[in-house]
Every structure is written in C-alpha cells, then in structure tokens.
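Two complexes are shown next, each including chain A; its partner changes from chain B in the first to chain C in the second.
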Partner chain A sequence: MRITIDNDAAKFVVRLADTEMILGQRLCEMCSNGPFLEEDIALSNVALDLIGRAEQLYKIVSEIENKGLSADDYAYRRNEREYFCLKLVEQPNTDFAWTITRSYLHDVYANEVFKQLLKSDIPNLAGLSEKVLIEIRYNLTHARDWMLRLGIGTEESNSRVQGAVDQMFRYVPEIFHWDVVDNKYLSDTAAIEKSWKSEVSALLKEANIKEPELMDVVMRDYREGFHSEFLGHILTEMQFLPRAYPDAKW
Partner chain B sequence: MDKYQAAFDAIIEKDDRVEPRDWMPDDYRNNLIRQISQHAHSEVIGMQPEGNWLLRAPSLRSKQVLLAKIQDEGGHGLYLYSVAETLGVSREEMIDQLHEGKAKYSSIFNYPALNWADIGAIGWLVDGAAIVNQVSLQRTSYGPYSRGMIRICKEESFHQRQGYEIMLHMAKGTPEQKEMAQDALNRFWFPSLMMFGPHDADSAHSSKAMQWKIKRESNDTLRQKFIDKTVPQAEFLGLTVPDPNCKWNEETGHYDHSPFDWDEFWAVVNGNGPCNKERLDHHKKAHNDNAWVREAAVAYAKKTESTLV
Partner chain C sequence: MVAIQKNNETQKFWDLLSEVPDPEIPVINLVELGVVRNIELDGQTIIVTVTPTYTGCPAKKLFNDLITEKLNVNGYNNVEIITQLHPVWNTDWLSEETKAKMYKDGISPPTDDNLVITCPHCHSTNTEMVSQFGSTPCQSLYKCLDCLEPFNYFKCHR
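Moving on to the complex of A and B:
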C-alpha cells in the first residue's frame, strides 16, 4: 500500500506531524541514557509531548484526507520518501550536546509556527496549537537552559555544544525554503525566519557559542520527501512490528 | 538496655513509624539502606528491558503508554533514592555501590525482553509481583519508606493493568501474537515467582527484617498470594502457566507449584544471568559518558551564582 497525501492542508499538517514524530522517536532513544535520573525523566517527558502532538496532528491529516486511514497508518505505514520531517530532527544523539541543540533549534521553530497556527482555519488545528504552545514553552525553556549551561559551563561542554551547533546549522536553511503550501497555511513565513534568527542569535551569544553562517548545503528538500540516511533506519526500527505483522492489532 | 534502644523498641512494638530524626540501631539503619537502595536501583535498571521496546512500540498509543510507564519507574527510583538519603547515604554513594557490584537490584531485570508481549508480561507479572510485595511494605516500620510505598503502589497498579491489557490484545490477536504472548509467559513465569526471594527457611535477611517490622510478610506468603491471584488471570487470557503442577489444591486452598530452580536464581543473583553484564555496563556507560554534562551544570551554577552576588 502506498499512502499519498493529496490535499494541500494535509500536506502542510503532515510536515509538522512527521517532524514532531521523528524528534519524539529520537528522544525515546535517550531513555536510560540521560546524564542523571532527573534529566532522563525530563527528556522522556518531552518525547511524550512530541509523540502525543504527532498523534493529534496525524488525526487531523486523516480527517482531511478522509481515506479511512488512521493516525497509526500514517505514522507506521509510510516509507522514507513518503515522510516529510525536517532533516534537523533526524540527526542522531551523538552526545548530550547534540540532543539538546537539536531540540533547541527545533523548539524555537515550532514555537513560531504554532503561534501563527493559533489562527489557522484548518479544522482543529487552532485549538491544538493552544495546547501545544503551553508544552513548547516548557520544552523550549528546558532546551534553552541547557544550551546556556553547556555553552558557559566548562571548556569541554562549550566545545561539544559548539560542534553540535556547527553540525546542526547545516540542516537549518531548508526550514526556510517555504513553498506555496507553507505560504498558504502560515500567515507570515518571513516573520518565522526573522524571529527564529533573532532568538537563536541572541541565545548563542549569551551562551558563548559562535554563530555559524547559514550556508545553503546542496540537499534536496524535505517537502519533496528527501531525507538524510538516518531516516531509513529510524523508520525501520519504529515500523518493524506493524510491517512484519500487517494483520495484527496492537 | 539503654533508653534509646528502649524508645526504638517501643515504636516497633506499638506498630508506630520510625522517623529519620529518631535514634535507631545501626543494624536497622543498614538493613534499610540495603533494601531501599536495592529497591531504587531496581526501578532504574528496570527501565532498560522496557526501553528495549520503546523504539519499536507498535502503535502511537502503546508508545506513549510505555514511555509514561518507564518515566514513572524513573520517578520511583528518584523517590526511593531520596528515602534512602534520609538514612544518611548519598545518591552518588549508592550509584558507586551499584557500579562496584556491592549493591544489587532485582534479578528479574537481568532477563531479556525478547518480543513485544514481554512488555505486557513485565507489566502484568513483574509489576504485579512488585505490587504484592509493596502493598505489604506500606506497613513497613520506617516512616518515609512506608509513605513512599503508598504513593508508588498507586502507579504500580496502573502499570499492571496496562501490562495485562497488552497481554489481552496479544492473546486474543493473530496466531503469531498469541504465540508471542505464550512465549513471554513461559519465560517470565518462574523468574517472577522467584522475585519474592528464597524460601523462608533459607532467607538470610528475612528474620531480622521481620522482627524490626521492615518486612511484614514472609517471602513464601507473598509469593503464594501472587500465584493465587495470577493463575486465574492467565486462564482468562487463554494462556497456559508453564508448570504442569500448578493446580488448585482444595486442601490448602491455594495453587500448588513445582519446585523452583534455585540454581538459576542464585546464578542470576550472583551476576551470571542472561543480561547482568549488559545492564550494569549500560548504566555505567550512560553515567560515565555524561560526566562532562554534570560537570558543566556544576560549573555553570558556580559561575552564575558568583555573578549574581
């Protein structure tokens, strides 16, 4: 079965859903791998927010598309090329600095996007955005606090977080390559980019982290279903059971 | 007998609670530290076998339920470390003892989680066995531990229900799912029963702990309660308990069971179970690889405190 997404509104929402889902899956990897127990629990909490959010967004997609497919079908039965998450969130948990940097850069983006969606006319999206923004405020504070601790803490933590920022910045430009669909459902995409840049610049400065230049790396766009090599592995693991036992209900 | 000992004995005698500020015999304190730190480590190490299926949880709902469950277990760990700290041991010391092999955790977590139904079996049987034990510990003589158990038991019964729900889905599902469910029960049945520890006659820590009312019911009593409660649940699932001697006994009013494989039990306790080394190595690696993060947090706190002044 190949699952296509045909409606523009669904195309727009599935991008958000996939991004939240894959970041949630990445954060699940941190379970029992955190630097101490409180932080382990905090990361699980963020993962739980993200996956819950993804589920709600998939439900919206499924309602718009109206093909008799469930939220789970969208999450578990699409291949890499049918996924539409940011490459940023596919990046691995190389160390704790990578985990935090990835979340921070994502959270600033998501915060700006969902703020605009408070006025969305896609059914149920405005209401969901209200709830999501409350969560993101916590998620963002959590990530921001760690960026400061790591940036200012020790020489080692500074160099690790600098490395993570340098790497992750390669996956930022594609976020801002807005297409017609984005512009149809977001009221002001230019404002998102502007706010993202000013928040991130200010934080990096405060955290003693050098801001890398945003250079366009040659990579095809996530909106067309082009990904890093990581996504295939993430989906292989995540979708294993429903794929191996297509008739089973869990 | 000195007056401190007399006051302590009176608390125990009257079934009151010993509080952190009260005088207590060193043996009592050490016994509690051993038991509570072991309990805390069990909660934390128990995150690993369940975490093994987190990335592969087969639905959005089951992934969220499992994530929340593992998070609860981490929370229990935190809570219990704090209880132990009221007895004058730090979390760092307890973690060092774990890493040095001086502190134990429940042997059940040294068994691997091999298929998705294991997540059901762990919730149903392992949390189920833990509840029987912990309900009894709600009346333990050390106040903070007793209060901790009351709080923790509420969450544990959720875990057990959620585990049973997975088993129900699997047992009533496709033939392959039912096979997974039976396989999980086959592997977890005896290890869960052995979670209650050696028979009363062979239990090194039990008699003292019973006198002090740290432990309120014996290993065998608790184990039998669990068996009697669980066998009908397995029958309801349509699964077979992997013990041909597990039958209702009219005379005793309990289910019988075959003798346990205590050689296996002691092998696992003493480090030679299927995953002992992996569990400990995993914990050490996460702790050691992230030392720089904890150092950064401390350094940051120092720097920002000094700028605040």
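Moving on to the complex of A and C:
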C-alpha cells in the first residue's frame, strides 16, 4: 500500500510529525545505552515527549486527510520515500556528543516553529503547540546544558562536540529551504531562521565551539521524501512489528 | 485552578473517580491530579473528559482504562472517554491539599518556576538538582544538601 498525503495542511503537519517521530526513535535507541543512569533516564524521557508529540501530530494528519487511516498507520506503514523528516534527526548516535548536538539543533528549531504555530488555524494545532512548547523548552534546557558542559569541559569533550557540530551542520541548510507549503502555514519563516541562527551562534560561542559555515543546499530535499542513508534502517527496525503482525494489539 | 463543573447528577461519578489512585503516585487520585476535567451524562452514557499530563506520558492509556474499570465495576457500563489537550494540563491545577499529600509521601510538590525546592525528609531548602528527569515524566531528581537524602520533585509545568 502506498500512502499519499494530498492536503497541503496535512503535508505540513506530517513533516513535523515525522521529524519528532524519528528523533524519538533515535533517542529510544539510547535507552539502556546512556553514559550513566540519570542521563539514560533523561534521554528516554525526552524520547517519550517526542513520540507523544508525534502521535498527536499524526492524529491531526489523519483527521485532515480523512481516509480512514490511523495515527499508527501513518507512523508504521509508510516507506522511506513517503517519510518527510529532517535529515538532521536521522543521524545516528555515533557519539554522545552527536546525540546531544542533534537534539540541541532540533530543539531550537522546534521551539521556534511551534511558537509560530500558537496562532495556527489548522484545527487542534494551536492548542497542541501550547502544550508541547512547555516540553520543548524543558528539553532544550537539557540539551543546552550539555552543549556547554561538553564545549568548555576538557580538550577531549570539546573536540568531540566540535566534531559533532561540524557533522550535524551539514544537515541544517535544508531546514531553511522553505517551500510554499511551509510559507502557507508558518507566519514568518525568515524569522525562524534568524532566531535559530542567533540562538545557536550565541551558544556555540559561549561553549567555545567554532561555528561552521552553513553550506548551500546540496542534497535533495526532505520535503520531497529524500533522505540520508540512515532512514531506511531506522524504519526497518521501528516498523518491524506492525508490519510482521499487522493486527497486533497491546 | 480552573473551576470544574459539578452537579448533583454527576457528583457520584466524581466521588467514584476520586477513589482511583494515580498509578505512579498512589497517594493522590486522578481527580486531584487534575486529569479528569469534566463528567457529563448523555442519556445512559457517562462522558468523561480527560486531559493528559504530558503528551508522551506512558500512563495515558492506563488512566482511561482505570476510569472505565472503576465506573464499570460500579454498574455503569456505558462510558465514553474524550481526550482533550487544551486547556493545557498544568501544575496550577493541583490544590494546596494535594500538594501537602505529596509532600507527606516524600515527593516535593511543584513550586512557582522551580525556584525553591524543599526536602520532604528534613524540610531544608538547601537542595540541589541531580537530574532534570526522574522516574516519571512529571518528576525530576533532587538531593538534600543537609540530610543528604535523594528525593523526587514534582516539576512545575505551565
């Protein structure tokens, strides 16, 4: 079955839903693999927020599309090319500094996006945004603390987080490569880019991390369903159970 | 505290749901936690409006099951649960009485913007955060610098 998304509002919301879902899945991989117990619990808590948020966003997609598909169908029955998450959130947990940097860059973005969606006229999205902003701010504090701690910690931690920032910045330019759908549902995309850059620049400076140049967009866009090599593998694991046992119930 | 509409007709359901303990913090019940927002009767059907604490709270589905079960065992079989995210659940919905119960049970209750956190064991305010995240999404982990005991703090959420 190929699941298409036809309505512009649903196309917009599914990008947010997929981004939150895939970052949530990536952080779930850290459960029992955190560097110490409290951090393991922290990353799993953030994962819960992300997946809970994705579920609510998929429900909105499902209501707009009105094709008899559930939130779970959207999460578990679409293939790689039918997914619309940022490439940033697909990047693996190669190093703890990668995990933290990925979350930090995402959280700053999510915070700016949902702030604008407080006035969204897509049904239920404004109310949901009010809810998730409280959670995003909390998670952002966690990520920002770690960026600082790693950046100004030791020579080793600084070089690891510098490597992570250099790596993750390759997946930033496409975020700001807004299309007509983004501009239809976000009130001011230029302001999101501006706020993101000023928050991230200030933090990197404070954390003694060199800010890499943002390259031009060279990869094909996530909005068209193009991804890094990792998404297929993530979906293989994430979707295994509902695909192998389509009628499985909790 | 957002005023909750109760009337004589639904009071007995409020009383019943006040007997359902929170699965993670059993010292308080689901009405005190503020997740039960409204109860209405539509003919024979009891419609309960529930506002979850956190979007990803693992107890979300359990809340609904516990509410349905409580009403069912008391002879009310037609129960419908509506999940409502807005107005957003927040810790201002916890009454002072509810906070006192938590405190007595060893959970430090939420304070405005997490400014002063009191140790529930020795009542000292000389405490520090161990981790922003704790055993449930609504709690974080602290330790007391006077009695040195660790404790859970129910995060201010608003």
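Just so we're on the same page, the second predicted complex is superposed on the first by the 245 of 250 C-alpha atoms of A that agree within 3 Å, B and C clash if a C-alpha of one lies under 4 Å from a C-alpha of the other, contacts with A are read in each partner's own complex, and residues count from 1 in each chain.
In this section, a contact is a pair of C-beta atoms (placed from the backbone, for glycine too) under 8 Å apart; a residue touches a chain by one contact, two chains touch by 3 or more.
From a predicted model like this one, the values you see are computed outputs, not experimental measurements.
Of the two partner chains, chain C is the only one touched by A:N124; chain B is not. When the two complexes are superposed, the chain touching more residues of chain A, out of chain B and chain C, is B.
Contacts of A:H142 after superposition: chain C is touched, whereas chain B is not reached. Judged by the touch definition given at the top, the superposed model places A:P173 against neither chain B nor chain C.
Contact with chain C, but none with chain B, is seen for A:I134 once the two complexes are overlaid on the shared chain. By the touch criterion stated above, A:G52 is placed in contact with chain B and with chain C alike. Of the two partner chains, chain B and chain C are each touched by A:E38. When the shared chain is aligned, chain B comes close enough to touch A:E29, but chain C does not.
Counting contacts as defined above, chain A residues 38-39, 41, 45, 47-48, 51-52, 55, 250 meet chain B in one complex and chain C in the other.
Remark: chain B residues 44, 47-48, 51, 54-56, 58-64, 67-68, 70-71, 74-75, 77-78, 81, 116, 169, 173-174, 176-177, 282-283, 286, 289-290, 292-300, 303-304 touch chain A in the complex. Those residues of chain A that touch chain B in the shared complex are 25, 28-29, 31-41, 44-45, 47-48, 51-52, 54-55, 58, 71-72, 75-76, 95-96, 148-150, 152-154, 156-157, 160, 237-238, 240-242, 245, 247-250.
If you check the complex, the residues on chain C that touch chain A are 54-58, 60-61, 85-86, 88-90, 130-135, 137, 141, 155, 157-158.
The residues of chain A lying in touch with chain C in their complex are 38-39, 41-42, 45-53, 55-56, 124, 126-128, 130-132, 134-135, 138, 141-142, 250.
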